[in-house]
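The two complexes that follow have chain A in common; it is paired with chain B in the first and with chain C in the second.
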Partner chain A sequence: MFPLGGAVLMSTLSPLAGIASPIALILAAGAIGQDVSSGTLQLLLVRPVSRPSVVVHRWLAATLAATVITTMTLILGSVALVIRGAHPDALDLIRMVLESLCSAAGSAAVMVMLSTLVGGLGDVALFFATLILSQMLEVLGTFKNWGWLVRACAEIHGALSPQLSWEWMLHGTPPSWFALVSWASTVSLAIAVGIARLNRRELSYAAG
Partner chain B sequence: MPAIVVEDLVKSYARGMGGLAGRVTALAGVSLTFEPGETVGIIGPNGAGKTTLLGCLLGFLRPDSGKLSIEGRAVDDLRVRAATGYLPERLVLDRWMSGMAFMHYHHALARLPESTRQRDCQALLDRVGLDREAAGRRVGRYSRGMLQRLALAQALIGNPRFLYLDEPISGVDPAGIVTFRDILSGLSASGATVIINSHQLAEVERVCHRVVFVKQGKVEAMETTRAGASHARVLRVRLSTEQAVQAPERLTAIATEAGASYRGWSAPDARFAVADDAGATRLLAALLAAGVAVIEASPEEGRLERLFTGSAPGTHASTPPPGGAS
Partner chain C sequence: MPPAERGRVSGPSRQDPKLLWIVAAALLVARVATGIYEEHHPPEKPDLVSWVPAAAAPARAAAVGRPILYDFSAEWCGPCQAMERDVFADAKQAATFSTFVVPVRVVDRRREEGHNSAIVDSLQRVHGVSAFPTVVIVGADGKAIDRLEGFPGAQHFVRWVATASARARMAPGLGSPIPIP
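Now for the complex of A and B:
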């Protein structure tokens, strides 16, 4: 609600641009790890359901839910702006929806992958630990003038929250294929690691 | 052809962080076969390896070595899973769902046709004794016994050929236990292989054809039970008051002549070991022919308890029962 209020006050949808990623992170948190810890996943995997499909479906569910929530918020924001006399650009709205979809898919993929590594909500701790550590190292790299470390930390940030810009739609320029491949490869890698990890993971039968 | 084959199964766990404290062996070369239509109880003390064995059979754990196959397929083959039912000991059902919604969810996961979903689920809930009011109630509001019934109903979805039940009657009322026995009897008749992990020995003895006693990661003993085929047992024979104190020599002689052995006096009964059902009949006939007034005779109960204390006679895995496990 806070970004929505900000958008109305500022008469622009910009404050809503970044909400998809945190929503996806919240929805995907513990997607696998919590089910392993509680024993729910064991009950699920007795059914004719493959482990890779569990990872992919959890990712898709978090992505779609985050995208729907973000899109609804954007539509609400647009309606509020219209009521206040502003006229948001339809193409810009479509761009924001597409960017939200990509952000949600990227963040959900990373969180689902982390969720296959640790039990319970350990993925949240792992995510923030990596984020904080990389930020600290980035500060150190900047202070020591170690360009390679700053660059590495920037890559880690990018990998933790893969995003894809659709700005080119507004300018009529061709899309950046590098950015597209970079985003797609990060998401694919996260899903692949998640699948590989869950395939190898032993599920404690008694304790969950 | 056996339904489930376990050959020389070895499984160990890393101890401590990253296995720095070495490994602990949970299964040390377990070999078993399970026949279609057979109900087998797995019993043993805590930490014996029962849970690990079930975990391997369900595909949750990967053995270090050995072979596991179900109808000749890998345990995690989706065709095997489609024919598998599982009732976990720890009931972690989705508490926000209604009982019926939970059944629908698992019916869908089992890839069964949507057209029969409501009918199938209702029939299973009726079968385990959960009425329509309970089916519409949230799982979070179920009692322990109701949860157990619901878990059993979901395990029966799709008429599984392989059913794994972990402490299936824990928290179930007497009526539920009777229902459980009826269901198991029906499953056995339909050719399903049922494996029960339970500490409720009396019930295991009652419903299982065979019992596997696991200790320190090994199959320590196997027993056929009353529900199983004719088998070796100890027979308790109650004699008339006048003859209550029989000369041991006389009873020994009669028993030896009938192909049995006299195991001593355990007031108010004499105990005899017989080879099978026919041996029990021969012994009783011999006792009557010798003029011994037999008031009643019954198989000795509590044999499974004695497995735990190590005093059960003739039960070692090296002498498997006819048609039983290797």
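Now for the complex of A and C:
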């Protein structure tokens, strides 16, 4: 709601650009871990459902829900801007929807992967612990002029919330293949690790 | 024989995603390869700053109440390209930068064409430009408020622009006071 208010006040959709990632994080938090802790997953897996499909469907559900919420907010923001006399660019709106989809898919994949590693909402703690630790190390790296550490921390940030810019679409320039491949690599690795971890996990009602 | 249950999974329920691992490994290799390639051949990034023509800048500055920023650069200048990539092509930095000043780009073409246009020559002479990049912030009366030679990094640069433009707004003796936007 705050970003929407900001967008209306500033007469631009920019404040809504980054909301997909936190929404996906919230929706995917505990996606697997909470079901393991509560025993729901053990019950679900007595049905003919494979473990990889549980991981993939949880990821898809969180991605889809976060994208729909973000798109609705963007549409609402655009309507509010039109009412106030500003005219948001349609191509820019499409770019923001595509970026939201990529951010949501990336963040949801990472959160679902973390969720297969720990029970309950431990994935949220793991996410923020990694984020804070990497930020502290980045400050240390900047202070000590250790470029390799700063670069490593930037890569960790990128891996925690993978994003993909579609700005090139508006300007007719070629996309950055590194950015595209980095995003796809992080998402596929997160899903693969999540499936591998859940496949090897011993599930019982005492687990969690 | 009982009818097959709808949605029944054939094969092991813990099937290892071999294809996904192959795709992930291939993407990881491609990530390293494209990273190395783009380190040496940075992709063309769009300039996100709405540059104002030099002739139109004073009127525009007076209209929006911001000082003029002259960016003296050249195509062959390495630090100018770094500034282009890290500030003018970066959505966040370019947006912040554009809120403080009316930006004017003054590109030196002597090396490519043998001479500059009259307005480029005149601006370079007036502001004593001897190196690239040189950035000069000018108040509404045309007097230079501050100047920066070289590119000190995106964050430092944008901070300098913010500070210098604030000084330009508060500077006494300007022809007409510049209101805070």
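To be clear about the criterion, the second predicted complex is superposed on the first by the 204 of 208 C-alpha atoms of A that agree within 3 Å, B and C clash if a C-alpha of one lies under 4 Å from a C-alpha of the other, contacts with A are read in each partner's own complex, and residues count from 1 in each chain.
Keep in mind that, in the parts below, a contact is a pair of C-beta atoms (placed from the backbone, for glycine too) under 8 Å apart; a residue touches a chain by one contact, two chains touch by 3 or more.
This one's a predicted model, so the numbers in the text were calculated from it and none came from an experiment.
Chemist: Once the structures are superposed on A, label A:V49 by its partner contacts, choosing first (chain B), second (chain C), both or neither.
Modeler: both
Chemist: In the overlay, work out which of chain B or chain C sits against more residues of chain A.
Modeler: For chain A, the partner with the higher number of touched residues is C.
Chemist: A:H87 in the overlay: touching chain B, chain C, both, or neither? Say first, second, both or neither.
Modeler: Neither chain B nor chain C is touched by A:H87.
Chemist: Look at A:L203 in the shared chain and tell me whether it touches chain B only, chain C only, both, or neither; answer first, second, both or neither.
Modeler: First partner only.
Chemist: Which holds for A:S38: it touches chain B only (first), chain C only (second), both, or neither?
Modeler: In the superposition, A:S38 touches chain B alone.
Chemist: So which positions on chain A get touched by both chain B and chain C?
Modeler: 45, 48-50
Chemist: Can you list the residues on chain C that touch chain A in the complex?
Modeler: Those residues of chain C that touch chain A are 5, 7-9, 12-17, 20-21, 23-24, 27-28, 30-31, 34-35, 37-38, 43-46, 48, 91, 95.
Chemist: Which residues, counting only chain A, touch chain B once they are in their complex?
Modeler: 38-40, 42-50, 202-206, 208
Chemist: Which bits of chain A are touching chain C when the two form their complex?
Modeler: Its residues touching chain C are 14, 45, 48-53, 165, 167-168, 170-171, 173-178, 181-182, 184-185, 188-189, 191-192, 195-196, 199-200.
Chemist: List the residues on chain B that touch chain A in their complex, please.
Modeler: Where chain B meets chain A, its residues are 51-52, 54-55, 58-62, 78-79, 81-82, 84-86, 88-90, 92-94, 106, 109-111, 154.
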